[in-house]
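The next part holds the structures, each set out as structure tokens.
Shared between the two complexes below is chain A, which has chain B as its partner in the first and chain C in the second.
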Partner chain A sequence: MEDLILFALLFCGSYLIGRYKEKKHFADIIRREKELLLLPALTMKRAEDRPVAKAEMVTGNVVIAGDYFKQVMAQLASLFGMRIAVAESMMDRARREALLRMKAQAAGADAILNVRFESMKIGARDKVAGVEVLAFGTAVYYRQ
Partner chain B sequence: MKFEPRYAEENFNVPEQHELRDFFRLSLYLLGIVFGLYIVLGFAAEKIAVRLPPRFETAIAAHFTGKLDAAAFPASRDYLQQVLDRLVKAADLPDFQYKITVQEQEEINALALPAGRIVVFSGLLDKLRSENELAMVLAHELGHYAHRDHLRGLGRGLVLLSITAALGLSDGLPGFIAPSVQTFSLKYSREQEAAADLYALDLVVRAYGHAGGTLDLFAMFEEQERKRPALFSTHPDSLWRRQNLADRISQEGWPRKEVKPLPSRLPFAEELSPAPPQT
Partner chain C sequence: MDITNIETIPGKTIIAHYGLVSGSTVRSKNAFRDIGASLKNIFGGELKSYTKLLDETRQEAVSRMTEQAKVLGANAVVNVRFATSDVAAGAAEIYAYGTAVRVE
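Moving on to the complex of A and B:
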């Protein structure tokens, strides 16, 4: 019985808190993305045919934890071979947050070229414990 | 190539989510599968278990009855064993060595473990008032052997254990599923208990020549049930059991003679460890 109560508490608690946090984070991401919209982050290695004054590597890194609710949902989904929707939103948040942090580091640049993402799972092997996403690219400053 | 800033308002990577709805849907699927497996495999295990030859059962049982403390309460155990032997002689039972083990536990209960090992808790002994009541308890457990109930329960228990282990439920995940299956298996044993009661009554009458004292046992259970209702959840309502047996006694016209007193209060006083503080 105690197990059940503990489960219910953890489950409901992490669902409510996790959902609130995720909503807030998405709102924040969207606001910052609009602010940084004028700084392009591209996957191309060369964008404009202009002389480059300065180039530097910029990185953005983020780690997001998966809550208890997400873990339960992921295990359930893995029993039935379904999309793990809760992990999709978590990964999306992590990638966009990493990109934003990279852009923040490249403030003043004209563009970020050759942008790449790397992600890694953190924590226990069979759990959605957390993800790390690293975004990196080359910030270029063109000669005026 | 010119860069045109444009913000994509829609997020295609994260489709709209119905997390809670998904959760309930998947949990229902899972519960359905677990129950289905439990019923099908449990049925199969039951069929197989009931046909296990006694020799094979003895070999399996050795694994888990070995952990019991056979030396506890030696004097009480010897006395219980005498009563049991008398009953076994009068009965037609599977070919086991029927042996008593007394365990120190508050619980008012006795268990029929595989291969004829009967466990009686000291909490039950403490409440008995006559040898006939004791005989009724032991005969009830013998009834489980006669009907092979102890194996049915075991087969189902093993199936339940394997399913939960296979799904990794023992790790806590949807921890709500295992308890709900368990409640189901508690209910399952009620008819078997009633059948064992009737068997026990017949056997006690055969061994002692009368039905005196058999109903007193259930009167005691009723009293305990009022005090601590949760303890008796695996057994049918004692009032109902007592009436069932009373009907049977009057139907058969069995006499109810003087009961045979216990040699002393059980378990024997010299075997009792200092009483734990009352809580």
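Moving on to the complex of A and C:
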């Protein structure tokens, strides 16, 4: 009985707090995406044929952990082979954050070329514990 | 040392190729107990200590790669990529590799 109460508390508590934290994070991401809108992140290797003054590699990484609620939901969904929506929002959040950090490192650049994402699972093998996302690319500064 | 993840250094000309250079770092997760603790963190969110740790590990792999390039007489590394692998339980390898070149 005590176990059940503890589970219910953890489940509901982590849902409410996890959701609040995620909402806050998404609001922050959207605000920063607007600020960095003028710095395009491109997946191709060359953009404009203009003389380049400087080019350097930039990276951004983030580790996001899933909450207890997400772990339970993921385990439930995988019983029935369903879409794991809670993990989708976690991945989206991590990728966008990593991209923003990469852009922040390229302050003053005109474009970031050949942007690539890499992700690595963090934590125990059988759980959705967390994920690391790395975004990297080549920032170019055109000659004025 | 110029580093890019495309085939050239925009604005410069490659005058010599020296071949593959790489650097790797293997870090175990046990050495950082706080990570294990924060993974149990039930409310989710960013694990800042882990973000920093992986960033430093990757920088170390890159600096090992550039050291190797310097030894060869290169002044730039192009087409850099990253790879990670689980070498053992609780340990991860971060590998950075690219092509060492001399540019003008």
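Rule of thumb we're sticking to: the second predicted complex is superposed on the first by the 144 of 144 C-alpha atoms of A that agree within 3 Å, B and C clash if a C-alpha of one lies under 4 Å from a C-alpha of the other, contacts with A are read in each partner's own complex, and residues count from 1 in each chain.
Here, contacts are C-beta pairs under 8 Å (C-beta built on N, C-alpha and C of every residue); 3 or more make two chains touch, one makes a residue touch a chain.
Remember, predicted model here, so these are calculated numbers, not experimental data.
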item: When chain B and chain C are modelled together on chain A, clash or fit; value: fit
item: Contacts of A:Q75 with chain B and chain C, given as first, second, both or neither; value: first
item: Touched partner set for A:T138, first chain B, second chain C, both or neither; value: second
item: Once both complexes are placed on the shared chain, angle at chain A toward chain B and chain C, C-alpha, multiple of 10 degrees; value: 110
item: Contact breadth on chain A, by residue count: chain C or chain B; value: C
item: Partner chain(s) touched by A:F7 [first = chain B, second = chain C, both, neither]; value: first
item: Which superposed partner A:A111 touches (first chain B, second chain C, both, neither); value: first
item: Where chain B and chain C come nearest after superposition, their Cα distance in Å; value: 14
item: Doubly contacted chain A residues - partners chain C and chain B; value: none
item: Complex contacts: residues of chain A adjacent to chain C; value: 10, 13-14, 17-18, 21-22, 25, 45-46, 51-57, 59, 61-68, 70, 90, 97, 113-114, 116, 118, 120, 122-123, 129-130, 132, 134, 136-138, 140, 143
item: Chain A partner contacts - residues on chain C that touch it in the complex; value: 2-7, 9-11, 38-39, 41-48, 50-51, 54-55, 58, 80-82, 84, 92
item: Complex interface listing, chain A residues touching chain B; value: 1, 3-4, 6-8, 15, 19, 33-34, 37-38, 40, 47-48, 69, 71-73, 75-77, 79-80, 82, 85-86, 88-89, 91-92, 111
item: Chain A partner contacts - residues on chain B that touch it in the complex; value: 1, 3, 5, 7, 11, 13-15, 17, 19-20, 22-23, 26-27, 29-30, 167-168, 172-176, 179
